[in-house]
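Each structure below is given as structure tokens.
Two complexes are shown next, each including subunit A; its partner changes from subunit B in the first to subunit C in the second.
Entry: the complex of A and B
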């Protein structure tokens, strides 16, 4: 590699990791409360589009972020109604929601593009970026530490974790499991949407159909790999980001070899870490619909 | 719990019913009594198949084809139906579906569609199956034709243009996947650049897919780190990532096949256009006249033109245009050399 490769490599790593971190934190939050958040991919996609539309139609990156958060909150509430209030199967609902989101975002994107051609063009660089670091990167790292502190060092965090371990015991201790889980899932979805906004507003400044391309699922894997701990989940996201950054640099350095060998690097790295990390113990009550006895 | 489910489903049903009623309400009737239309022959029906979503705004080739396809509708009054995001295993099925439904012409828009084209065409002799991309052979039937761009010549024009526009002498060439058509084109870029500047270097990188915008952005940024100041990319919707990366690194991008200026005014130097409307007019006129025949129609240098520079490189623009014109007229001879581009 050429001289001075380290800083660009680290920046590339952080760029790739940032959207994943928001989504991984959202998975950790939801699943610590006992709700599987398979819908992270769909909410991320919706947040990505909402953020871009917010920038195009209101002309400000931060309004775009707020719009993305709002869409995340609404979708989170919808998911919470179906999976917590009713409650329906969390995995099936999440999968269906992802497919729904793919179709709806593609449809809305086309409508928006017909209304305003600027939706197709690159949006302006987000203000507040310093030395190639977007505010999203800093926010992601700050949120990671905050969530770890909140989850493991505060009373409300303990209550959330108790719902994930045994919802009935949490109820017996005076926690309104349904309402609390609905609130948590709604907040988690807002975080997922923020991950989407980090992708479109903070990174590539554009949107295409299915732009997330499974990044929500990678975040899901990072949360599992990080054993539902915000710090470890973020570390897993950074590792994946480093793998992506390394893949293209290795391709550039290793001329003559099939590029697909190098493109496998991030996925092989993730597999390796999952294998080395061993089986983590998920919150005991995660995925089980809570019905009051 | 059952009560909750019942309430939720009932709510959804009511909302659904309301939506259907609102959308289904007929528009207010016009007072004037409509004259019955004179009997007109059924329009020619064309089905076009894309493997990417949103082709009107997809990669350069897709956009260029879309503009050509639209001339069939607007200039000839043909009925156009586009199937987009068709996965490769479903190509033959989709084409067969068009033929079964009585479409007169089915158009494949990518060189990756060749196998499906060869599979389906012999099964429906009453339908024309056309390929608008690179192929060297035709299916075993008479109802087929192809319009094939000479990708190598196109590449030489891009290479020459990039070499004249580059200050560093390093040119970036990014591709979705190393398919034969792109290896041919990128070999042309290398030779075209050498014809102008023998010391020029062309960096060729493959992203591994056509649609991942962030990955395309990162590959572009990496090429700029390695010295490229002029970038050319052939890919799908991922092109937006290339534009983002180029703008971030203050590099210029040469647009592929269609005019990309509106997507990133700050990054686009110009585009080397594939002029598709004349190609589709030729097809429509031949079909209407009953003279459409089996064969491969080559698109050569005269079909490739430069888009407006819009003030980019004002000092070099005239010289670049003159050089490209010389390549078109054959006054600059560029050898045909294939490079190993894995």
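Entry: the complex of A and C
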């Protein structure tokens, strides 16, 4: 490695970690309230496309971000209706939602490309970067701290966590579980979509079918690795981002350990953490549909 | 739940007949999904009829197309067994894709390194594939049984770990040195799955798949094992109290399911693609999930549903070529029915509550 490799490496790490951070925070938020957020991958994919389309059709990165958030809110509401209001199995719903989202985004991408060829080209670099740090990176770090403060230091945060531990007890304490969980999942999905926008607007600057390539699942891994604590989850994202940056570096160098072994790290590490921690710290009521008795 | 849907029936005597049929919800889901896809086709400027025509033509017209659709059904059916069987015991195996991948690479390891009578080598390869699939689920299984960790997390993690492991092998240790991309050497011809012609030419994997689906049906609905499994899946504490070895039952169902996924990979490697290369696999392991859920209580339904999904997979390219509608549209067709299905089911079972209130 040449001189001065550290700064570019850290930057590459943070760049790869940023989309993951938003998504991991969204998983932490939803699952602390008791809803498994497997659909993070699908929402992220939709957010990635929406962000790019926003930039292409309205010509402004921030409009792209807003559009992506809007799409995230709508999809979150849809997921909330199915998994919280009805309520159906959260895992099945999340998984088939991901398949569905893959189909719809690929379809809309083609459709948009027919209307405007610029959809398939690179979009401009996002303005507002400071020292190579994009606004997304800063926002991700700020949101992490905010989320931690909100979850563990405020009343509403406590109420959300209580829903994740025991929905019926939370109901007895006067919380409207269905409405609150729906709101939380909707907000969480908006965050997942923001993660997608961070991928397309803030990093790759283009869209291809299935561009997220399982990053939503890596974020899921990070949230579990971080034991549903925003600070630890973000730390896990940065670690995983470093793994990805190392893999790129190994690929570019063409020598040394096969980069695919680096890419296994997030998953194996998560398994290790799960093995050591077991059920510890997991929201006890997560994944159980809440039906009023 | 039975009593509650009775209330709903009394309230709506007209709707009860259709609503109570086991096929009602799947059929409604398919119709609704088709409606959505039709609308998407129209948005794209193609008539739904043309779209479906192209899809079916690409999948079923001519011996070659028909054969690939039948062959495509095999991994889909096996992968859905990998979800179906563990789910009966209350274990949600999302790791099918990873199990399938390691199954395929293990079968390749055997046929590329062992020589002997073809029957022996192929049997060994198929067993190795099942073994690999099984091993890929051991960690999630142990974590579930011993530590109470959710299998949803751990099987997803194993998926990606397995996929990366296979990628590492085909771009590294097992790479065909003469290829420009990551791939294994091709399986020697004598060690490929034998083919036969019965209208269309397919490999013998079809018998394995049919046999396993039928076996699963027999096991789950005609044996005490099946009854116990159901007890474990629906109320583990009650099952435990009535003397059923709950953990053992879960382990058996999960290991059996994962072996099916490994088998799917092995069969696909030795029967269709003959080498494991970068991007060789479609998402059969994931597609198995919606198939298993659409099949519902009757595992025999896996065969027709897997065939239907196979039509979508093989017809998609031709559809894109003929109509310009992106092939990815089939993912809408694969995901949406189950999304509607679970919603309708949930709505149906929650409706009486809302009326009572």
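Methods note: the second predicted complex is superposed on the first by the 261 of 293 C-alpha atoms of A that agree within 3 Å, B and C clash if a C-alpha of one lies under 4 Å from a C-alpha of the other, contacts with A are read in each partner's own complex, and residues count from 1 in each chain.
Everything below uses one rule, namely that contacts are C-beta pairs under 8 Å (C-beta built on N, C-alpha and C of every residue); 3 or more make two chains touch, one makes a residue touch a chain.
Keep in mind it's a predicted model, so treat the numbers as computed, not measured.
In the superposition on chain A, contact of A:208 is made with subunit B only, not with subunit C. In the superposition on chain A, A:271 contacts subunit C only, with no contact to subunit B.
Within the superposed three-chain model, A:93 lies in touch with subunit C and out of touch with subunit B [touch as defined at top].
Residue contacts after overlaying the shared chain place A:146 against neither subunit B nor subunit C. Judged by the touch definition given at the top, the superposed model places A:199 against subunit B, while subunit C stays out of reach.
Contact with neither subunit B nor subunit C is seen for A:58 once the two complexes are overlaid on the shared chain.
When both complexes are overlaid on chain A, the residue A:8 reaches subunit B alone and has no touch with subunit C.
Look at A:249: by the touch rule set out above, it reaches subunit B but stays clear of subunit C. Within subunit A, the residues touching subunit B in one complex and subunit C in the other are 82, 86-88, 106, 109-110, 209, 258, 260, 263, 291. Subunit A meets subunit C in the complex at residues 36, 38, 82, 86-89, 91-93, 95-104, 106-107, 109-111, 209, 214, 217-218, 220-221, 224, 258, 260-261, 263-264, 266-268, 270-271, 274-275, 278-279, 282, 287, 289, 291-292. Against subunit A, in their complex, subunit C makes its touches with residues 40, 43-44, 92, 94, 139, 143, 147-150, 152-154, 156-161, 164-165, 167-168, 171-172, 286-287, 289-290, 293, 325-326, 328-336, 338-339, 342-343, 345-347, 350, 353. Considering their complex, residues 2, 5, 8, 12, 15-16, 81-82, 85-88, 106, 109-110, 113, 117, 120-122, 125, 199, 203-206, 208-211, 213, 244-245, 248-249, 251-252, 256-260, 263, 291 of subunit A touch subunit B. On subunit B, the positions that touch subunit A within their shared complex are 1, 4-5, 8, 53-54, 57, 85, 178, 203, 205-206, 208, 211-215, 217-219, 221-223, 225-226, 237-238, 240-241, 243-244, 247-248, 262-267, 340, 342.
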